[in-house]
Amino acid sequence: MTTSDPRRCVCPGSYDPVTNGHVDVIERAAGLFDEVVVAILHNPDKQGTFSISERTELLKGALAHVPNVRIDAWAATLVVEVCRQVGADSMVKGLRGGTDFSYELPMAHMNKHLSGVETLFLASDPSLQHVSSSLIKEVVAYGGDVSGLVPESVLAALRERLV
Amino acid sequence: MTTSDPRRCVCPGSYDPVTNGHVDVIERAAGLFDEVVVAILHNPDKQGTFSISERTELLKGALAHVPNVRIDAWAATLVVEVCRQVGADSMVKGLRGGTDFSYELPMAHMNKHLSGVETLFLASDPSLQHVSSSLIKEVVAYGGDVSGLVPESVLAALRERLV
Amino acid sequence: MTTSDPRRCVCPGSYDPVTNGHVDVIERAAGLFDEVVVAILHNPDKQGTFSISERTELLKGALAHVPNVRIDAWAATLVVEVCRQVGADSMVKGLRGGTDFSYELPMAHMNKHLSGVETLFLASDPSLQHVSSSLIKEVVAYGGDVSGLVPESVLAALRERLV
Amino acid sequence: MTTSDPRRCVCPGSYDPVTNGHVDVIERAAGLFDEVVVAILHNPDKQGTFSISERTELLKGALAHVPNVRIDAWAATLVVEVCRQVGADSMVKGLRGGTDFSYELPMAHMNKHLSGVETLFLASDPSLQHVSSSLIKEVVAYGGDVSGLVPESVLAALRERLV
Amino acid sequence: MTTSDPRRCVCPGSYDPVTNGHVDVIERAAGLFDEVVVAILHNPDKQGTFSISERTELLKGALAHVPNVRIDAWAATLVVEVCRQVGADSMVKGLRGGTDFSYELPMAHMNKHLSGVETLFLASDPSLQHVSSSLIKEVVAYGGDVSGLVPESVLAALRERLV
Amino acid sequence: MTTSDPRRCVCPGSYDPVTNGHVDVIERAAGLFDEVVVAILHNPDKQGTFSISERTELLKGALAHVPNVRIDAWAATLVVEVCRQVGADSMVKGLRGGTDFSYELPMAHMNKHLSGVETLFLASDPSLQHVSSSLIKEVVAYGGDVSGLVPESVLAALRERLV
């Protein structure tokens, strides 16, 4: 690869919805690569909390300050196929702890096996290690306040949808 | 805090049904705190194996020998809200191994974040480390004998319900 | 036990379908025991990807080169009961990493508690550590190529069923 | 136990030197117990970075704002013997992650076995999870700035001793 | 392999000294194999707590009730070479938890790579999961009572050597 | 950052000596960055198996086929200071399993805290997960054959030094 090629990575996820944990990883990836493709991967047979266009809007709002980010969605597609389509030879993922790692390790080996695409892991910001979309939704549904753990616009959307 | 305030902790769980692993943790918490509130947390949208009143009765029978224990149930409530309502500034949970810990760690950070409530972890009695309500139910349903792993009254109730 | 008794072990699983990871563990168990009983355990209330007779046929094809292997299926039965029926005092399982171990440890203690049957763990072949039936099926369903990770006949069956 | 007995716990460690991670755990223990005994455990055959009286002074400075704390040192003594001497039926320890837990679990079981003393684990403040006395010393020795990770007085003492 | 060949496994360790955790694993291995070779592996450059002949005597006493056990010592030898010399195609080791597993996994892969010898892991008896030779020695040296965790003769030898 | 800046990362280690596991990680990093600085970090107070110039020569031989690699050594220096000096805003490290991760996580947080430098983790090639310099040296010292796990020139150097 020559320095004239832009270096591009993929940050895959379901982003249902985006959390500050996601934003942290994407910001850091954007500091290391010329372009970050935020890929919303979804299974069209499964109903999420937010629709794909809602997730996209929430991501756009949360990442408006990061210039070299592109957001797109794929249905029923392998992440390595996303990488191929957008011209990325690696993806970047956050790791929150040992369980994340045990789960991500076989996925990384499988993706390397399928296509040679590399998975680069970043240690999550410690102050956001307890933040996942599913735990956030559970807390909001039961009346808890997750200010500081998700972007402001997501906070409003979660309350409207779940409370 | 002054010594005149009673020290109170919460032992939360779904207790569907109580096992000897639960009893061990609650007994030990009762030795460390003036009062233990055993909080049955449940999601009213999900059907359990036992009803809330059945779970309460089985807990009462299993904990009859522990004087400073109170049993109560909450539907669709955050555990930190339970702590607030009963006046407890900590909860006590058993840890059976690394997987428990990886699962409990983000929950503990979230609960601390939401309210300042502390989670105190006790290492499970090694001879009961393999005991969980779900594994117990699977074994009983397939005809296995779980004597010694659950209280006597639970053993009878499980057989009646599952075999 | 005398040397005249054949040493027999059980390799339990749902085998829906068999992968090269399973084949590796069964081959190694067959090198250590006189006979290996490959036990397809299934819950008749749950629909799998392949029927029990399909799973059996795929296992037969994949293990045709291992002479001291017997394949059989049990519905809604504890693995320790399978061991009792076939006259095995141990089972052999592969471990792919820390998460597998954390999951298998309580099962092994429970099975030892229920019947005295031992669980012997073999470290999975590193080049197959990312291989599980569920990940294989997800990859195939989304169009990925899992050649080298499952037997040839399984590859064909997966494509026919899932793509 | 009656509410008239003061509830006392032990926070054991080598404290060579105290870090902000230690201070966080001791402060939280002091909120849960009437008195916290900070026990400096040391092996007189091993030379530390700071002497026992230096470690004690640094702890005193770091904990001056916590009224219900007592600091004391024991040479070549089991922590359960410390608990017996000071009249504590539990100790409180911070857990920084899975490795801490795997190390602490057998210690907790051993201490329970030796004397019935309970070990209560608190999840470390995420923003201090990377802080240990040994890593702090390594960083300082090589010229790194650990401001915010240790008390001010410890920062000065470390620079004087190690740089 | 035919049923006329005796099935032999190796239980390697430093056994400095043998604990009830070791005895448990060796007894269980002896129930699964025709012969168990207990292999004391030691580095002649390192001084242990007990000499090789002392370790051998303590093992003999602790295993007098297990007929199909042979005890032998090797200096500066790979365990796979021990297996080759005694004609064993597997070794059996106890696993006490996640840390043991993370340590043993690369060793097992290395030994498989070097010689094809298999490592079979048994989950340690939960009531002995906190027992290791090094922790036992530390406890005894500081005056703790480890009755029930080591054989009687080892208890006496430890007190004489360390207290 | 603009695409005209070369993207540079550091692969730090003691490389005493380089293994095929190191080579794999460095090759993959070299595919993702314009330049990889292989940084031999050493403590001048500690004697290694190979001298710094020997380690450098062995690395040069092992990496002759990777054009965008630079090898250099630093004594008693923090890795974040190395990154600053060479103009790298990230380092790349291999992860072999859960234990590696638990060890590397606090280091990554500390380095991020000290300087903002990112640590990017790559999952080790599964077929090399059991390979570490220390295990390699132990095996060679006891007469084992580590062909395929280290570069040819390292194999010769290890035999000459250790056997």
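Remarks
Order as written gives the chain letters A, B, C, D, E and F; numbering starts at 1 within each chain.
Heads up, the rule we're going with is that contacts are C-beta pairs under 8 Å (C-beta built on N, C-alpha and C of every residue); 3 or more make two chains touch, one makes a residue touch a chain.
Since the structure is predicted, the reported quantities are computational estimates derived from the model, not experimental observations.
Set side by side, the interfaces B-E and A-C show unequal numbers of C-beta pairs in contact, with more at A-C. Note: centroid distance subunit C to subunit F, computed from Cα atoms, is 38 Å.
Annotation: 47 Å between the Cα-based centres of subunit C and subunit D.
Chain geometry summary: the mean Cα position of subunit E and that of subunit F are 34 Å apart. Taking each chain's centre as the average of its CA atoms, subunit B and subunit D sit 29 Å apart. Annotation for subunit F: residues 97-99, 102, 105, 108-109, 126, 129-130 touch two or more other chains.
A complete list of chain pairs in contact reads A-B, A-C, A-D, A-F, B-C, B-D, B-E, C-E, C-F, D-E, D-F, E-F. Looking at the complex, you find that subunit B touches subunit C at residues 96-99, 129-132, 135, 139, 141-145, 149.
Across the interface of their complex, subunit B is touched by residues 76-78, 80-81, 98-99, 102-103, 105-110, 113-114 of subunit C. The touching residues of subunit E, when paired with subunit C in their complex, are 1, 3-4, 6-7, 28, 31-32, 34, 89-90, 92, 95, 97-98, 101-102, 105, 108-109, 112, 118-123, 126.
Note for the complex: subunit B touches subunit E at residues 97-98, 126-127, 129-130.
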